[in-house]
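What follows is subunit A paired twice: with subunit B in the first complex and subunit C in the second.
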Partner chain A sequence: MSRPDRREASQLRALNCSLGQLNRADGSAQFSAGNTSVVSGVYGPVEAKVYEEKLDRAVVEVKFRPDIGAPTTKDKWMESAVRSTFEREILTHLHPRTLVQIVIQLREGDGSVDSAAINVTSLALVDAGIPLKCMITAATCAVLSDDTTVVDPTQEEIDAARSTHTFAFASGSPTESNARGPLYVDSRGEFTMDEYNHCYDLCALAAERVLAFMRTAIEGKVTKEAKISAA
Partner chain B sequence: MEIDEAPQKVDIAARIVTPGTAITNDPAFMRGHGTFSEHDTIYSSVAGVVERINKLVSVRPLKQRYSGEIGDIIVGRITEVASKRWRVDVNSRQDGVLLLSSINLPGGIQRRKSESDELQMRTFFAEGDLVFAEVQSYFADGALSLHTRSIQYGKLRNGTLVTAFPQLVPRSRSHFHTLPCGVDVVLGVNGYIWVSKHVPASKVEANAELIYSDKNEPISDDEREVIARVANCIQLLNRMYVKITDTSIIFAYDASVAHPVKDLLKHDVAVELAHNVMAYLEQQG
Partner chain C sequence: MASTKVVLPGDIIDTRREEDTTQQEPIVEDEATVIRLGPGLIQASEAVTAVTAGVLHSNSDTNRWWVAGNKRRYVAAVGEPVVGVVVARHGEGYRVDIGSAHDALLPLLAFEGATKRNKPNLAVGTVVYGRVVVANSVMDPEIECYNSNTGKSEGYGELSEGFMFKCSLGLARRLIDTKAPVLAALGSGVPFEVAVGVNGRVWVNAENVETTILVANAIRNSEYLDAKQCRQMVKELLEKQ
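And then the complex of A and B:
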């Protein structure tokens, strides 16, 4: 069955990103996959309020704003998902008693919003110079009613799917001994273990491609700006 | 995704890395800022350029919040009055701390601190005041400890604050400049810059009791215009990413005289003036 936008089953939509557009934030990034587009601003490390500070590490706070309407429980859930994923990868013990605030604004949602939110947060944290153990990239898969699995589904495909799965991975060696496993997993719907494993593999490959894309963008920016500041 | 092969020593420096990239697993190297180590391998924790100085490997990211070094001259804003100290916003990850024992008490440097000083801390610095200070040391959690134990430091008056990127203010021998146009400029290394009416040093020393006064001198309309012009010049240098030093501000000011003060913030004027300044600076070498 061909996909509405005529993509291959494992083909991602056109990816686009830019860093540093918000000049008042410590770091910012925009990321889009097809029509799904998110912006993120990162502020920090900044002074934390006394009641929320931790004595030995930085506090990570995430705010997620939907494209339409006021934030609801779904958005709160997205905030806690992003926060728990990044909390362990940010080197928080380097900045005790501070706050790292991540604000994500969904500009347009057309499926795979949670993986876009994770990808844009990775980019914004890198732009802010906040120390990380690794880059985190995510991808979403959907198992359709005819049992085919498609990567980076649009909202239309998600609505018609039997199950959807989002995985986030740390950048690093793919060898078995070093494989860290996924940092974030979200599976919804009815599925078998075989379908789950198949989605895992497809998402790992897709996340690798997103990582290569993000690395190229970051390295391009660093090269260009290193020339300016060296002058 | 492949782990980059541990490069030879000559190849380490000037590589561009992203978080999680392995830099080297040679045990001879020590790791510096922007790196972390796991199982004898040094990884990068930020996106930037690898720098190697002798045996120290570090990664310099393009952008980071100002983190003070001992001896830095900075401008800060008092955010809180606490027990025997003030908390100061210094544009860094944490507020700086100005201890009561680190300031000059009015009536002479040798005066002993009394109990009534502790109870009247707002007569020295209150919330919202701007202070010109030097970084003395660090607290255990990395917060900066400031002091104003010199006649040139202390409360700032008679002017306006301009905020710039900390990377654009280089560390130099002197951070307090009197420009030929008759304006004093304090270049805080943390990016906070104070532009004010020129007050002769002799006048400051003569009035030792008034160092914590909140009253401005009278400032005429012409003096205000010069202050505004210098402030706008600094803003445009900041926007065009030009280093902010007394020479670059003077060049920008001289080049800007042809334009009305408020036009200096327009994009095309700013670009033109910034190119002029960069050309002058290149000529100087």
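And then the complex of A and C:
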């Protein structure tokens, strides 16, 4: 078996990220895996409109903008997926009657867009200094027609796949990253329980690798700023 | 103590002191073992967990722990000096935009020498320098433009003329320090006034518009520069003028 881009089955595409590129947003990040690239801006905590404000917590609003055209039903689904993943991990009770707005802009979609959207949101929220219970990282797997499972599939692989699975995991558990179980699961297509479990394990490992990558990126930015303020 | 340990949300912090980790007997809970958590840390069940990313700091004498990170959105805290813009006037006070989620309230009598008959008349758009006196998550913040204990303005009040701009909260905190390299370098070259709010707003005024812009640009440029680079940057700006 060989993949079109000659990757190993469990190999992620080249990851790239940067923080704080948007100067008008309170926090922002860019994340890309191969050709899939997303940008996110976070605004908050800002004043919520009277009809949407909650007296005991902050409201989390997610906007997903596709690379071409107006948002479709698929994009609305993505918004609700990201919101439900992050809503419970943001410490919303610390900022009642406010709004945390997350805007995700797809720059180029080449498969595994939902996991990239979750990863970029995680980074942007950290950059904005929004209090979070944990970091959240996600990864996607695809089961191909020849029963092989590949991590971080491209659009070409997804189109030919029997099923695709995205899992998001929380960091910060003392034993292992997936001790809490997944925070988000999205499975499409036909698959057996064994295939599902195999995808779960592969995605957990991949998400851990994404987390290590993010940690390096954030550490780099924080250390750079700390050095200047100490000087 | 220059700590360089970077923490991310969800990281569990080991708050035991070095001598504690070597001791085997159970730790007695008294004043000395109580730890105090500052910004960026919460207690989740038995563990202390980071909720924001930044450098972990601790003071071994007072047993205080906190995370220092940079942000762009202000969350009001009592006692902090802030620069705000008047956005509305009510019967009992002004609404002031200080960059936090909710506008702050500035009572009409919270000025030096203000009485019921003699109170300042600020127009919408006026820039004021004040101090946060009420700040909690469930109430709108409140600021005052004088020290209510002494009745003196102590530098707070309306900021007329000049120019206000925004910067990151981290830069604002560095500028508050009287030894801030960029302000020291500028001060040795040109005379100017500055009011720094820890809400990431800085007001500057100089004898003419050109100098005001120069000072504002120099401060904004200093975000990612160390002391030496600051002096060089200011020198180049002053030479160009």
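Note that the second predicted complex is superposed on the first by the 224 of 231 C-alpha atoms of A that agree within 3 Å, B and C clash if a C-alpha of one lies under 4 Å from a C-alpha of the other, contacts with A are read in each partner's own complex, and residues count from 1 in each chain.
The criterion applied here is as follows: a residue touches a chain if its C-beta (ideal position, glycine included) is under 8 Å from a C-beta of that chain, and two chains touch if they have at least 3 such contacts.
Since the structure is predicted, the reported quantities are computational estimates derived from the model, not experimental observations.
**Q** Could you check whether subunit B and subunit C clash or fit when both are placed on subunit A?
**A** Clash.
**Q** Is A:26 touching anything from subunit B or subunit C once the two structures are fitted on A? First, second, both or neither.
**A** Both partners, subunit B and subunit C.
**Q** Is A:147 touching anything from subunit B or subunit C once the two structures are fitted on A? First, second, both or neither.
**A** In the superposition, A:147 touches no partner, neither subunit B nor subunit C.
**Q** Of the two partner chains, subunit B (first) and subunit C (second), which one does A:170 touch, if any: first, second, both, or neither?
**A** both
**Q** Please work out whether A:45 is in contact with subunit B alone, subunit C alone, both, or neither, and reply first, second, both or neither.
**A** both
**Q** On the A-aligned overlay, A:8 touches which partner chain: subunit B = first, subunit C = second, or both, or neither?
**A** Neither partner.
**Q** In the overlay, answer first, second, both or neither for which of subunit B and subunit C A:159 touches.
**A** In the superposition, A:159 touches no partner, neither subunit B nor subunit C.
**Q** Counting only touches as set out at the top, which of subunit B and subunit C does A:218 meet: first, second, both, neither?
**A** both
**Q** If we overlay the two complexes on their shared chain A, which of subunit B and subunit C does A:227 touch? Say first, second, both or neither.
**A** A:227 sits against subunit C, while subunit B stays out of touch.
**Q** Under the contact rule defined above, give the subunit A residues that sit at the interface with subunit B and also at the interface with subunit C.
**A** Residues 26-27, 44-47, 91, 95-98, 126, 128-135, 170-172, 174, 214-215, 218-219, 222-223, 225-226, 228-229 of subunit A touch both subunit B and subunit C.
**Q** Contact residues on subunit A for subunit B in the complex?
**A** 20, 26-27, 44-47, 55, 91, 95-98, 126-135, 170-174, 178, 208, 211-212, 214-215, 218-219, 221-223, 225-226, 228-229
**Q** Any idea which subunit C residues touch subunit A in the complex?
**A** Those residues of subunit C that touch subunit A are 2, 4, 6, 8-12, 40, 42, 44, 47, 49, 51-55, 68-73, 75, 101-103, 137-138, 170, 173-174, 224-227.
**Q** Can you tell me which positions in subunit B touch subunit A when the two form their complex?
**A** Touch residues, subunit B against subunit A: 1-3, 16, 18-20, 34, 36, 43, 45-49, 61-65, 89, 93-95, 141-143, 167, 241.
**Q** Which subunit A residues qualify as touching subunit C in the complex?
**A** Checking each residue of subunit A against subunit C gives 25-27, 43-47, 91, 94-99, 126, 128-135, 170-172, 174, 214-215, 218-219, 222-231.
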